[in-house]
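Pasting in a structure now, in structure tokens, and then I'll have a few things to ask.
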Amino acid sequence: MSLIDLANPTRFLALTARVLPWLAAATVIMLAIGLYQSANAPDDYQQGATVKIMFIHVPNAWLSMFVWAVMSIASLGTLVWRHPLADVAAKAAAPIGAAFTFLALLTGSLWGRPMWGTYWEWDARLTSVLILFLMYLGLMALWRAVDDPSRAARAAAVLTLVGAINLPIIKFSVDWWNTLHQPASVMRIGGSALDKSFLIPLLVMAIAFTLLFVTLHLAAMRNEILRRRVRSLQMMQASRAAFSSEAGSGSRGQNASNEVGAA
Amino acid sequence: MTALSALIRRDIRIALRVGGGALIGVLFFLTVVVLMPFAVGPDLALLSRLGPAILWLGALLASLLTLDRLFMADHEDGSLDLITMSQTPLELACAAKALAHWLAAGLPLIVATPVLGLLLNLDMVATSAVALTLLAGTPALTFTGMIGAALAVTLHRGGLLMAVLVLPLSIPVLIFGVAASQAVIVGPMTFGAPFSILCALSLVSLVVGPFAAAASLRHGLD
Amino acid sequence: MSDLKRGEMQLSGRGVTCVRGGREVFAGLDFAAVAGEAVAVVGRNGSGKTSLLRLIAGLLVPAGGRIALEGGDTELTLPEQCHYLGHRDALKPALSVAENLTFWADFLGGERLDAAKSLAAVGLDHATHLPAGFLSAGQRRRLSLARLLTVRRPVWLLDEPTNALDVAGQDMFGGLMREHLARGGLIIAATHAPLGIESRELRIGGAA
């Protein structure tokens, strides 16, 4: 990474340093309001209090897809515009997206326990989310497998875009597979129009979780930029070390080796 | 002993660092298990009957495919030459490398088993039976797979050839592993008999594997 | 630290024959090297310089003849008393410079020297905590040389040791080799370039 590449991220760091506290505060306030409203929402006449897990589950499920969309745009940025921040954004988003997807799965399965009697049902929706989760993990493994981030960025960008095209196909296939096999025994959740007493807290929670994502994403991007700076500084240090040892090797190297001999 | 523990620590460290492959095995395991219902259908009763077999097959493939580079990486960068020359017997060094591989790539599979058992509708007892048989059986997979990994160095070929060579060797482990887990779930056999044989297979491979691998590596030197 | 007595130790080969891939590389080779002496193995490409070093290191089996070290440690075999520095550096890019070095020190065992000191001797003390993957080819070679210093062994088998080293690095390495010889060590180096120290020439495979 040359110094010119760092110029733009530097502005990004300065900007986010100012924005992040406000974002974090807004997230906390929205979450507080959302949680309060969810707690006070009426129980469902069929599902009882378990319906309240929806206020956590739905925002997570929504974000699990939204984050992939963000990564796809970032990948376009990497491949088409070669924006220096694009692959940072894509890399930072992947673990957060995986975490939201995992929470969607977890809350879904906790919800399923009283509804279906098992923690897991190969329901079309849950299964699609599970595949999405696997794809997030694969993407993270790809980022981890290659040491040099700029080289990994291209591969990850291609994979992300292929995933974005493939996800609807996967969703469709899973739906088809599921209706092929599944007798209509599974109780469908949602479906009917939601009452306003549910809808408002749900919207507030969705906004709160989106804010949470933006906050976490910006913070993770800052970390990633700093990590890359550390890396390039280390590489500079490695080459500088060679240079200085060559410059002074006549006397220095000799002295040091004498020391070794005497030891 | 310091030599062996140093080797184990190094291999685990490399597996866990960036570029290491320890967790990819778990991801592979997860993916294979998730694929199964798409092939056999989402029938929970059927899945729970097939569960132990699916988990065992997944763990078998995951632990063998990650073994591919066990000796190859050391061969390519010259480390294997120095390991061969050292005072530590090559057999012990092989055993240490296999142990490190099992700790970094085999144990996570067993930790992941309960989650996957949930997906396959296995109850607590069945899941713990599968996890226990995997704990007893995966060392056998690693230590027989090691022979294939050593042959890969000798033959300068890895990947599928290694899988073809080693998979038949792991059939007994698969048989008794699945048999022991099925015994808990449906009977009529007792858990003890197949499980003891499974342990015996692991112990035998613990002895045979390092010698075979070391012999193969010695012949593969050039 | 027990210095080896000068002249006590002798590495010799009698009628060594090397066959690789069905081709006889060299046959009936006699050589000898005594403690405190450096032998430069020279010859054209493919004459078997590397093979000779690998034969001594026990990494190849001779098709005929025998190689022995007299006056060394009787408890240890010849390969266990050798350092082999091949074309490949035996370094893991994911581990730091210090981790790489201490691993080899722990694994090879025996008399050892402080890792930090040997890193300083080869001019890598600034880079101790950096991943070895960040190092240039020359620096990787220096790190391999640090291994020779950290673990003390009487026989050094060096295959093109000055490859990738710059002029200053070659000077530094010359100093290290002279010290090793002065302590009663023995060096056998396969080389095209001049070794940088006074050495006896062993020509194999006919005229260059």
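By letter and in written order, the chains are A, B and C; residue numbering begins at 1 in each of them.
In the analysis below, a contact is a pair of C-beta atoms (placed from the backbone, for glycine too) under 8 Å apart; a residue touches a chain by one contact, two chains touch by 3 or more.
The structure presented is a predicted model; accordingly, all values stated were derived computationally and were not measured.
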Category of the chain touch graph - line, ring, star, complete, other: complete
Innermost chain, where centres are averages of C-alpha coordinates: B
Length of the line joining the C-alpha centres of chain A and chain B, rounded to whole Å: 31
Whole-Å gap separating chain A and chain C, where each centre is the average of the chain's CA atoms: 50
Distance from chain C to chain B - Cα centre to Cα centre, in angstrom: 37
Chain B: positions in contact with at least two other chains: 18-19
Sequence positions of chain C contacting 2 or more other chains: 93-94
Chain A residues counted as touching two or more neighbouring chains: 147
Sites on chain A touched by chain B in the complex: 109, 118-122, 127, 130-131, 134, 137-138, 141, 144-147, 177-178, 181-182
Residue ranges of chain B touching chain A (in the complex, touch as defined): 18-19, 21, 23-24, 27, 30-31, 34, 37-38, 41-44, 47, 118-119, 121
For the chain B and chain C complex, residues of the former touching the latter: 2-3, 5-7, 9-10, 13-14, 17-20, 76-79, 81-88, 221-222
Residue ranges of chain A touching chain C (in the complex, touch as defined): 147, 234-235, 237-242, 244-246, 249-250, 252-254, 256-261, 263
Chain A contact footprint on chain C (complex, rising order): 1, 93-94, 113-114, 117-118, 120-124, 126-127, 130-131, 133-136, 138-139, 149, 166, 168-169, 171-172, 175-176, 179, 182-183
